[in-house]
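In what comes next, subunit A is part of two complexes: it sits with subunit B in the first one and with subunit C in the second one.
The block that comes next holds the complex of A and B.
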């Protein structure tokens, strides 16, 4: 029956074959808040923000950087062989996800401990990390085949190889809690046995019971691809996104033959796929956000890159959002971090660290 | 200026109940005379006497100085009195041109010539209506235009308009008012019944106010203000609660109840997307033809979306596709129609009987089946809840005022215990007193956590009731605004450009 239903849906453009996309409205109503925000620092490929006593840690490619509080100058803390793809701080330690090398612990009693490296079990391409307690780290892996930097390829391959891991720092054991996720990209704690995990390619955030490994969706059918989740001061969460969805990409995801040819024949920067930044080359598909010419909407000029950060309440319901629209530049905001009344946003696409003042108080 | 119609001590009653009594009214040649009052004040009955629909029980009517007793609308028309009724009297199966020329046909009619004449005539009045279109396919506003065109075509000396602008968009209203000016210049006397007080104050030369069948005020329009008209109409001060005067903070977003994605339907709705949240009033504004009603009808199962690639409708995150309204109602979606006389109730049934039908549609329970014994209970229960004022328990719907009819239609929807309620033009043809009550009801429903959608062509109403405002244009939602950031100019700009 499922096959028949799928066949009919595909012919009629319904169900899973529908190329519809939810609209950005209500609490997700577009604005230019990210473009209007203060540019705190310019750091190439800035990502993985972590607030600590010593300052704001972030990554830039292979380099771990630190910005002292109130200062916009970044100091190099460490350099690795591969790009840093995830980071979490807590209990005097830093957990770092290194592309292809797994998770490395820096500082504290478990300094130097590794998971997922050569011959070890654990996430090889971590996308996000969180300290559950002083001896446990939770990690997500977008895919065991594509690295975190290759998220576009995984999306266009319709990847479902993401997983959630528990890393025991005392015993060195790595346990896979959940698999077959459509690019697990973000993780957040709720103070109980349930945690939130962002599943990007299914456009949702799921709640996972750590004891049983069962999951239920809590925020579904998002109009964008969710990335990392950061805790908010008011017990809620900040949800960041790779880019927004659009009907053209949904259509391409349905057209397998076309997609396969695009993946093999077209260089990746020129794919018709979401991006962290656009307008870098004239060969790219046009970033127009529904460009209209002679009264006709040009379907090829959809929004490819976008900046979006959403504040959610403790139940993961969206409250308000900050945007950089198609005509803005602060795109690819995949990491956020709140400290006091200020919100720091890493625009990886623009290579800028943004600071939004008094955000927590206004919320 | 010479009087063309004069009513002296006029009284009209039905079954011993006076619709109006002892009314002295004059209409002068070449003037626009606004006749105002709450629903049930006697305005329509008074004008129907002038148009030959009813005869007076007492008093007399003078036409051009001579006493007349018009026996029928056709006799009135022969005397030059035409009336454009609130509920249109067009023949649905005939074309626009055939309706305009109805009763004025030649021995041999050439249809093509008729259409050319009708097109020129409609264009001269600024109405964008296809003369070859069948009337049954037209929307409420276009039907109203045809009705007006028909009255003007008969070279009437007196034209009575009963709520002519209720279904017109702002642009069409402007055309209509310039048409009134042209008729006035030709010495045609116009009676203009409206609930839109600003319009009456703006376009009329004189104003007469009726309350409970009695003439309470009459004089030049310049002597009246909005407040004094309202005071005369209702006998109490409502200015604090009427359109646009109330200021409040918009409610926060609740759960997303409805998500409409890339909805398409037969060219009327084109790739339209919007969301509706619980505990909020979402207002949808747009000009006629913007596709607002069609979107609401598709959501509530009254209309179907395109069979292929028609988009998605999600109720509480779950995709739904209704072919008829009943499953939509069971899922908690109700639609309060814009055309209550046609789609809202059975006019020859009582209030209780209409409410019983709504209860029956919820589905039968074999243990406690719904019987006719529920009729008086329902009428009493909802009569008290919604402050219904019917003449008697056995009064038929047709005998109720527009405001009370609308309350019954709303009660029929509320019986379904909805989660999402869509009001389409909730105060069209409703008196000011009932408008306040309906607006309060809408706010109460949102406060109870329901997702409420209000579709209206009247900007002050949208501004007054909504927490967030969506603007529709040519079959899609083109703009979203929080009410605190919205203004009438911004909304209209989005609707037009």
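The block that comes next holds the complex of A and C.
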């Protein structure tokens, strides 16, 4: 019966085959806040912001950088032989996710401890990290096949191989808490046994009970692919996003022939898929409303890349949002962090570190 | 090429699905369902009813068709006007009584009888028309009431004269001939009905009255606003209906010669079934004579066959009622969903595998930023300058989306005037030897503008092609033109399937929907010279005196058409596998050609061109805003020579100032850039070019 219904649905574009994308409305009403924000520093592929006493840590490809508070020049702290894909700070330690090499601890009593490296269990391609306590790190892995940088491929392959891990720093044990996630990309603590995990390809944030390993969705039907979750001072959260959903991408995800041929025949930069930045090459695909009219790209045009940061309350309900729309460039804002009244946003797509003054203040 | 790809390619070559949409677009497509219903009923009953196809059966059927057909035609007129007449059965009974009384009892002549019968019919219709049309009462209820009233009058009068009618015979031999006479083996009444049908068909489909009737039925208020006297039109429809019923009654009287007390009972059901089944919409505004007659034949065949099979009358009526319900259901669904169906099937992409693109990584096509820092003309004033041209006095002419040709004055081109107003979007332009401008106008055709600014149509129609379902004689998107040394103008029509604002739907189809057309001003004739081109765009007369170059945008190629010389009529490829979508071609001062690439090819779109079904589903399911389209935000201008070798290219990466370059023209050492969706024109100095070169001189020599 379901098979017949699916067959009919596919013919008529109903049910599962219907391609509708939620619109940006309510607290997600578009603005140009990210484009209007101060460009604090220009750092190529800036990502993984962590606020610490010594300054603002961030990554740029393989390099770990530090910006002293109030200074826009970055100092190189360390260099790895693979890109840094996740980072978390706490108790004088830094946990770093290195593509293909797992999680490395830097500083503190467990300095040099490693999880998920060659021959070890643990997340091989970490996408986000969080310290649960001084001896425990929680980690997400987008997929055990595709590296964090290959998120576009995993999305277009409809990957469901993401997982959530608990890493015990004292014993060195890595335990998988949850698997089969559609690209787990962000993690945040709530102060209890429940934590938040962003599940990008299902456009939602789920709540996971660490004791039982059960999960329930809390924020669903997002119009964008959620990336990392950062805590806010008022016990709320900052949600960052890879890009917005696009009706044509949703359609291609249902068109297996085209999708598979695209994955094999078309070079990756030219895929019809979401991206951290777009318009870099004239070989990138163009969609109807992106055609410039009277010399202007319409801000409301459909787009493959977008900048979106959403502030949520402690129950993960959106309160307000900061955007960079189709005509902007501050796209691919996949990491944010708060310091005092200021919010730092890493636009990985544009290679810019943005500073939004006075937005992190309570009320 | 793999097997599955070959299958896809052949499938789209052999099964042209775009025809489906064109058929649905036809007015007669509405008749398809009743026609197939008719064929079905003939097939079914022809096989099970004895003597179905015999002459006597057919003869009786044709006489019945004559009578019921006239009633149905009358009812159709009312329904086209947006009303309904349920009183046809009672009117029929009254008029039959009148005819028999006048002919049999009074012994009147044929003329007197006919006038008397029509008179009673018209009177009945006038009452209906007055109530519904003038007093604007509800048609359904009003005619239901008049049905009862007329029937009651009949019931009162008929018993008093029925004996007289039966006891007497008509004295008119012509009347008798009308009833039973045959001409060419067909009943006279049938031929009469055929004549009336043809006349009515002409009135309805070609006449002013029919046009008004459709307008009133389709949209009462709009018809009123357009100046049509709605009340009078509705009134006249009821009168005409009853007159038709009276005529049918007269023929019936002549054939039967007597009457029973149940005459005309249930006629409204039969007539209504026939009308709705024929596809005459209950909502009004749609219908034709052919549909009415198809419905009539259907209903009569059905009831006669059921009678022949010995099925009792009430069951017969029940079946008729059920068919009426089914027909009404179909009518409602069809009218409601027709445009949806049409939209769903009209866009029909086809297989179009692109050749590998010429490399842009190195060589003359390597991107640069030479178009980034260019001069600007008319920033914020221009809107839709698709092409540009100069006269010998250095005046610059360009079009605008508002339908104007603007003339900008030298030397700095900051002042301008409206040279001529055409009304449609001007595209490619050319000057003839006498200084008259010819301009292609999207949606309108080829226009001429004299140096004084007088506008006249050169051609808007070409010969209709034999194989096309849709009438392709009218021009939908004349794009670019150029002039031959003998004064003939060759121009491209980008697509015959879409209007100008739907050009991207043509890109999605990637079928050869366009053509090259030649217009001869000496004889005023227009002829299509090349068909099935993929969005033919730029046209440029070659220096060789025997060919024109033309660009096919969605095929990314430049071809050459020979209009003279030994290869007359043939087409040769000049450049294949361009990395972008070619637009206008114009002459350069050094004997080569400029070509605008309005956009760049993208691998994601090129892949989809090999997957027509994917594109078709995309057109149906995805909003137009999100469709995969050619990347028209980054293009370039390139130069090529007669052999088709690309010499150099000028780019504006990212399309910051000149996205979608549609044309360019060199004039006295400067290259002028146009874009149909841009708000400016660009100027690029060409220091190495001939600083005195004017395009007109290269066509018509320098004046002495």
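By definition in this document, the second predicted complex is superposed on the first by the 338 of 363 C-alpha atoms of A that agree within 3 Å, B and C clash if a C-alpha of one lies under 4 Å from a C-alpha of the other, contacts with A are read in each partner's own complex, and residues count from 1 in each chain.
Convention: a residue touches a chain if its C-beta (ideal position, glycine included) is under 8 Å from a C-beta of that chain, and two chains touch if they have at least 3 such contacts.
Not measured: the values here are computed from a predicted model.
Comparing subunit B with subunit C, the partner in contact with more residues of subunit A is C. Contacts of A:302 after superposition: subunit C is touched, whereas subunit B is not reached. Of the two partner chains placed by superposition, subunit B and subunit C are both touched by A:13.
Once chain A of one complex is fitted onto chain A of the other, the partner contacts of A:317 are limited to subunit B, with no touch recorded for subunit C. Judged by the touch definition given at the top, the superposed model places A:247 against both subunit B and subunit C. In the superposed model, A:357 makes contact with neither subunit B nor subunit C. Look at A:235: by the touch rule set out above, it reaches neither subunit B nor subunit C.
In the superposition on chain A, A:23 makes contact with subunit B only, not with subunit C. Contacts of A:221 after superposition on the shared chain: subunit B is touched, whereas subunit C is not. Overlap of the subunit B and subunit C interfaces on subunit A comprises residues 13, 19, 247.
Within the complex formed with subunit A, the residues of subunit C that make contact are 367, 383, 504, 599-605, 607-608, 611, 614, 617-618, 620-634, 653-655, 657, 659-660, 677-680.
Partner subunit C is touched in their complex by these residues of subunit A: 13, 17, 19, 246-248, 251, 255, 257-258, 261-262, 265-267, 270-272, 279, 282-295, 297, 301-302. Residues 252-253, 255-256, 259, 261-262, 273-275, 277, 307-312, 314, 317, 319, 321, 468, 470, 477, 480, 482 of subunit B are the ones touching subunit A in the complex. Those residues of subunit A whose C-beta lies close enough to touch subunit B in the complex are 11-15, 18-23, 25-27, 29, 220-221, 247, 317-319.
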